[in-house]
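Shared between the two complexes below is chain A, which has chain B as its partner in the first and chain C in the second.
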Partner chain A sequence: MSKPSKKMTLNKKHNITGWLFLAPGALLILFMSFVPMGRALVLSFKTGVGAAMKSCGLMNYTRMFQDTVFVQSIKNTFFYLIIQVPIMLIFALILASILNNRQLRFKGLFRTMIFLPCATSLVAYAVIFRSLFANNGIVNWVLVNLGILDQPYSFLTNVWSARIVIIIALLWRWTGYNMVFYLAGLQNIEYSVYEAAKIDGASAIQSFFKITVPLLKPTILLTAIMSTNGTLQLFDESVNLTDGGPANASITMSHYIYNVSFKYVPNFGYAAAMSFLILILVAILAFLQMKVGDKRD
Partner chain B sequence: MKRKILAALLASTMVLSLAGCGSGSSDSSTAAPAEDGAAAAEEEAAPAEDTGDAAAEETAASGDQTLTVWCWDPAFNMNAMYEAEKVYQQDHPDFALNVVETPWEDVQTKVTTAAASGDLSTLPDILLMQDNAFQKNVISYPDAFLDLTSSGVDFSQFAAGKTAYSVVDGKNYGVPFDNGAVIGCYRTDVLEQAGLTVDDFTDITWDQYIENGKKVLDATGKPLISMQAGECDLIMMMLQSAGSSLFNEDGTANIVNNDTLKVVMETYKALKDSGVLVEVNSWDEYVGSFVSGDVAGTINGCWIMASIQTAEDQAGNWAITNMPSLVGVDGATNYSNNGGSSWAVTANCQNTELAYDFLASTFAGSAELYDNILSSGALATWAPAGDSDAYGVGNDFFGGDAVSAKIVDFSTKVPSNITGVYYYEARDAVATAITNYINGSDIATELQTAEDTVNFNMGQ
Partner chain C sequence: MIKFRKFAMYLFLIIVSFFSVFPLYWMVCAATNKSAEVISGRLIPGTYFVENMKALLASQNVGRAMTNSFRYAIILTILSLIISSLAGYGFEIYHDKAKDFVMNIILLAMMVPFVATMIPLFQMFSKAGWLNSTIGFILPTISTPFLIMMFRQSARSFPHDIMEAARIDGLSEIRIFFQMFIPTMRSTYAAAMTITFMNAWNSYLWPKVIMTDSNSQTMPMVVANLTQGYVTDYGVLMLAVLFCTLPTAIVFFCLQNAFAEGITGAVK
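And now, the complex of A and B:
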């Protein structure tokens, strides 16, 4: 250890150390994230094919609401959001409180198994779900052999089943991820609180609703905002699992933005404008969730 | 102490993984299959090219005899490039190719990214481009591709319908590569069980096809054809077989008033309703359906032969003929085209002389090359190659039939069509329309929606 410099007070020195630690990350984020975002904002006010771009004011922003495919993709995304996020968070919460039980054996094993899906690549798991639900996939094979279906059901070419398959896939992939947050949150709740409740005669369900949920509120809020954010940017599942089909019934906003940029005649201005709509939606929803969920002040 | 070591280890892994991410992209451009010693020289040359400085340009012009190429199929177009390299090396021993396997979707993404950012230095010298995307890319980014009209390639020796894909404003931007003439492929042993032969599928209409298909379905329980749901390959093939397109000459959408398209959609629905056609969800499933023997045939561009021939246990049980024709449509034929691609030279090419000469003396000048790649199903669109004896040789997989000569004959009869700049937009809109129509929606409404969607996309 070197001797502390005489010229700086300890406080100043701590401050500088702090800034030094922050600087590399902050600079990287500034140049690799915020600068491109600023450029994208400028781009969203331009239009044109390929490299020949010209200013067009707010045209891209008004245009997207006349775009039937984009409106469809907004509806699809919100469908996933409204159905999938609550189911997932409730599942995660239940799993976390079960795993928090001190009497439970093989806790580490269960925890690992539930978290493991998060370690798989998004593309890989989407492709595997696609083959699970294929006409000759294992799901159809089981259903036909059990006599539930006469012939294979084409899950991915029917509107509702395609959407439901995406939701099932998302649940499988992300429930464990959220559960880990809850488990971490539960570590901060004194176990004696549960023991006291037990002595007072509270059932497991009562202590879940009266102790776990209220005390976990900040964590629930965090996971809700993160899941909302993630769902609004959903891309891999739409591309790899259903390819947006059938007839755009499962296409997400990000998937459509990708198509506009790379599959169709490139229109980056319009694509950037649609991306900013996602940003605005995320901001609004996060704000609402914080207003509803956070009653600290 | 332990904790400190752990922290140091973690930090170093993170730094390493970051470095790994950073170099990932440049790795992929240099770490191409190093087939021969010359590739080693390329490894040094490529990063220098990437920086795009004057010094690098000088070395490229003075002595570097290496070209970088992007294409996507190891068994097919990459193989063709390696064969072309061998042919060219006979006269130019210093010449070397750096062929980088790049899936088409990635080629498109990389081209768009490079051209949109104005920094073309990440592009290779030559890349293979889907014919359907050629107009879109050249019109969107005219500065990214070189005009090959006066490059020394004799374009008059290629099939006119084929070169048309890569001609923009009367200028040639692509050297045609493979042929996408549509073939009908059938399992003769399965047809036999229904009392049919491949002759019953030659020069027929779709009505007859469905009738025959029902016989096969009754006798064997196998559908005749599978198609990927949500992709309209078959729709586009049917349309072109009658010389119809989704666009008019002037670039406006031709969907609502396209009577051929209506017939096509009705035919497709009839195929699906009869059970003769089965829809699958992905390309793998599509190929799997006929390779596994669950489906008794397929109709697609002739490049599908490469996939069919992977089913070695079915050798000798396949036959090839032309596709069915539409009923009640003027100009309906039994011939169409699906897919196919052309070589483009990018504006990042430093040694254009070499690239031009290479293309002119291989893909546009070497019958030997086309003979060598014929076995992989790469059929020439270069007329002189079709005269070669190799095209008359029978293929045992297809019952000893001279399939190559047959397909070259088909390709000369394909009606030409208009792809247009907004091809992929129109294709997706029609795919949506057909899906909704099959599920019971009204055909006129769906076509109107499709045309509105395309018009919306065109109104930037």
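And now, the complex of A and C:
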């Protein structure tokens, strides 16, 4: 009987070792994510500054839907989400399947060049695009010299062009990043599957829709969730590319919450309430995507 | 027909590559030219680098910002890799129902947007006196659900018999982790390192919140400061952007292959 009991204690010992190993990481997440989240929830029912905070019920929550700037920031964020994320993911998928082709030459070179934008910092690329699309920037210079425009177009101070410049910048920065995930996913698909499909007479487009897309579904789901999450939290681009302008026409939710917390007269309660709305939106969208991704067809 | 398709494919890739590289090429050109020449569309690297450098150093304390950014990013990366990989390893190797449950809760934290925790964290950290400090910068992102998940995934492929053999040889559990796991998972570590260093170097919202003193400012903050004036000196601005981009670009180039390999392991 001594043998099983020894094994029991060894298992127990390993069990405790496991908990010790994961404790620092898990506790940090508890105190740096979940505890602040709980505090933000409490804060969202209060109003005032510093020590003079007092309870105000649901006022912060009702206020935000009458706040035209906040409503505008939700619209902007969703505009970026709905336009940019699908274009980027489809584009990344197409690029990845082209680069997965065995006959392609200079594959490494193309991959590196397309992934290169990911090496830039977010502030840096926002500033680069701000300069490229400035009134005296290179884009206007090219358009004027080609005779397409008579005089420089003010991309960053017109409502729609400012939003579109943000989308172009986002596409530039993140398409290659997602492509790498798809390329990695494609490595796990046997290449002979494609060769067999080719022998059976499948066109490149057919094998893209019949092989690549279904087999990459988990990766596509992962990138979709990551991109949605990232887009709902956009901050650097809105601050450094357009400064939310013109007149808040391109401001994102995070940017507005930052302004309410630290730029204007600080109103932490109201900002916390708005940030909770983002949390709920992220959760709903992730849930929906998982539902769609899980569906067997 | 096949020839045409091939041609179209290469043309497409060349166009995409051109647009990917062009803004960065433009950045290098602008950093080495006079602002007036940049505006007049000069697209070849110039000889104005030294003058731009002098002007940049006169207007912003770039040396201090670079040192700060390096200090924050390196300390964060080292701690983050140790703590997150230890947790991922613990979750996978010693997994049972309770640990899987905790892991699922941790994955939920992935959905918590940073703005939702930013204000309470700011309050907690200012009470603790951590504004303008390295610990203030690093603490919220040392342990991330994404890295823990990545290491948990890679620990799945860690051969069980190696562990058993090591145990029979009398190696303690923590030494198995340091002496066997870390060396075998080199590519996962390289991928994690690339991601963490880049995120740390690029982070902007959090330092903007807690680095209230100009002595603690990071490089991205300096770049953002430079755009605040009425007249932009493109030469000086793009030189700062170049400095801000070089460290992540170097890390990325050195670890590019390992990064792709590590991601491959993670998405399996």
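Everything that follows uses one rule, which is that the second predicted complex is superposed on the first by the 273 of 297 C-alpha atoms of A that agree within 3 Å, B and C clash if a C-alpha of one lies under 4 Å from a C-alpha of the other, contacts with A are read in each partner's own complex, and residues count from 1 in each chain.
Basically, contacts are C-beta pairs under 8 Å (C-beta built on N, C-alpha and C of every residue); 3 or more make two chains touch, one makes a residue touch a chain.
Model, not experiment: these values are computed from the prediction.
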item	value
Fit-or-clash call for chain B and chain C when the two complexes are aligned on chain A	clash
Contacts of A:A26 with chain B and chain C, given as first, second, both or neither	second
First (chain B), second (chain C), both or neither touched by A:V265	first
First, second, both or neither for A:P117, with chain B first and chain C second	second
Touched partner set for A:N229, first chain B, second chain C, both or neither	second
Which superposed partner A:G176 touches (first chain B, second chain C, both, neither)	second
Partner touching more residues of chain A, whether chain B or chain C	C
First, second, both or neither for A:G293, with chain B first and chain C second	neither
Which superposed partner A:A134 touches (first chain B, second chain C, both, neither)	both
Footprint overlap on chain A, where chain B in one structure and chain C in the other make contact	130-131, 134, 136, 261-262, 268
Interfacial residue positions of chain A with respect to chain C in the complex	14-15, 17-26, 28-29, 32-37, 39-40, 43, 95, 98-99, 101, 104, 110, 112-125, 127-132, 134, 136, 138, 141-142, 145, 172, 176, 180-181, 183-185, 187-188, 204, 218-219, 222, 229, 232-233, 235-236, 239-240, 253-254, 257-258, 261-262, 268, 271-272, 275-276, 278-279, 282-283, 286
Chain C residues within the chain A interface of the complex	5, 9, 12-13, 16-17, 19-21, 23-24, 26-27, 30, 39-41, 43, 83-84, 86-91, 93-96, 99, 102, 106, 109-124, 139-145, 148, 173-174, 177, 198, 201-202, 204-205, 208-209, 219-221, 223-224, 226-227, 232, 234, 237-238, 241, 244-245, 248-249, 252-253, 256, 259-260, 263-264, 266-268
Partner chain B, residues of chain A touching it in the complex	47-51, 66-69, 130-131, 133-136, 154, 156-157, 159, 242-248, 259, 261-268, 270
Residues of chain B defined as touching chain A within the complex	105, 108-109, 112, 115-116, 118, 136, 139-141, 143, 229-230, 278-282, 284-285, 288, 294, 421-422, 424-425, 428, 431-433, 435-436, 439, 449, 452-453, 456-457, 460
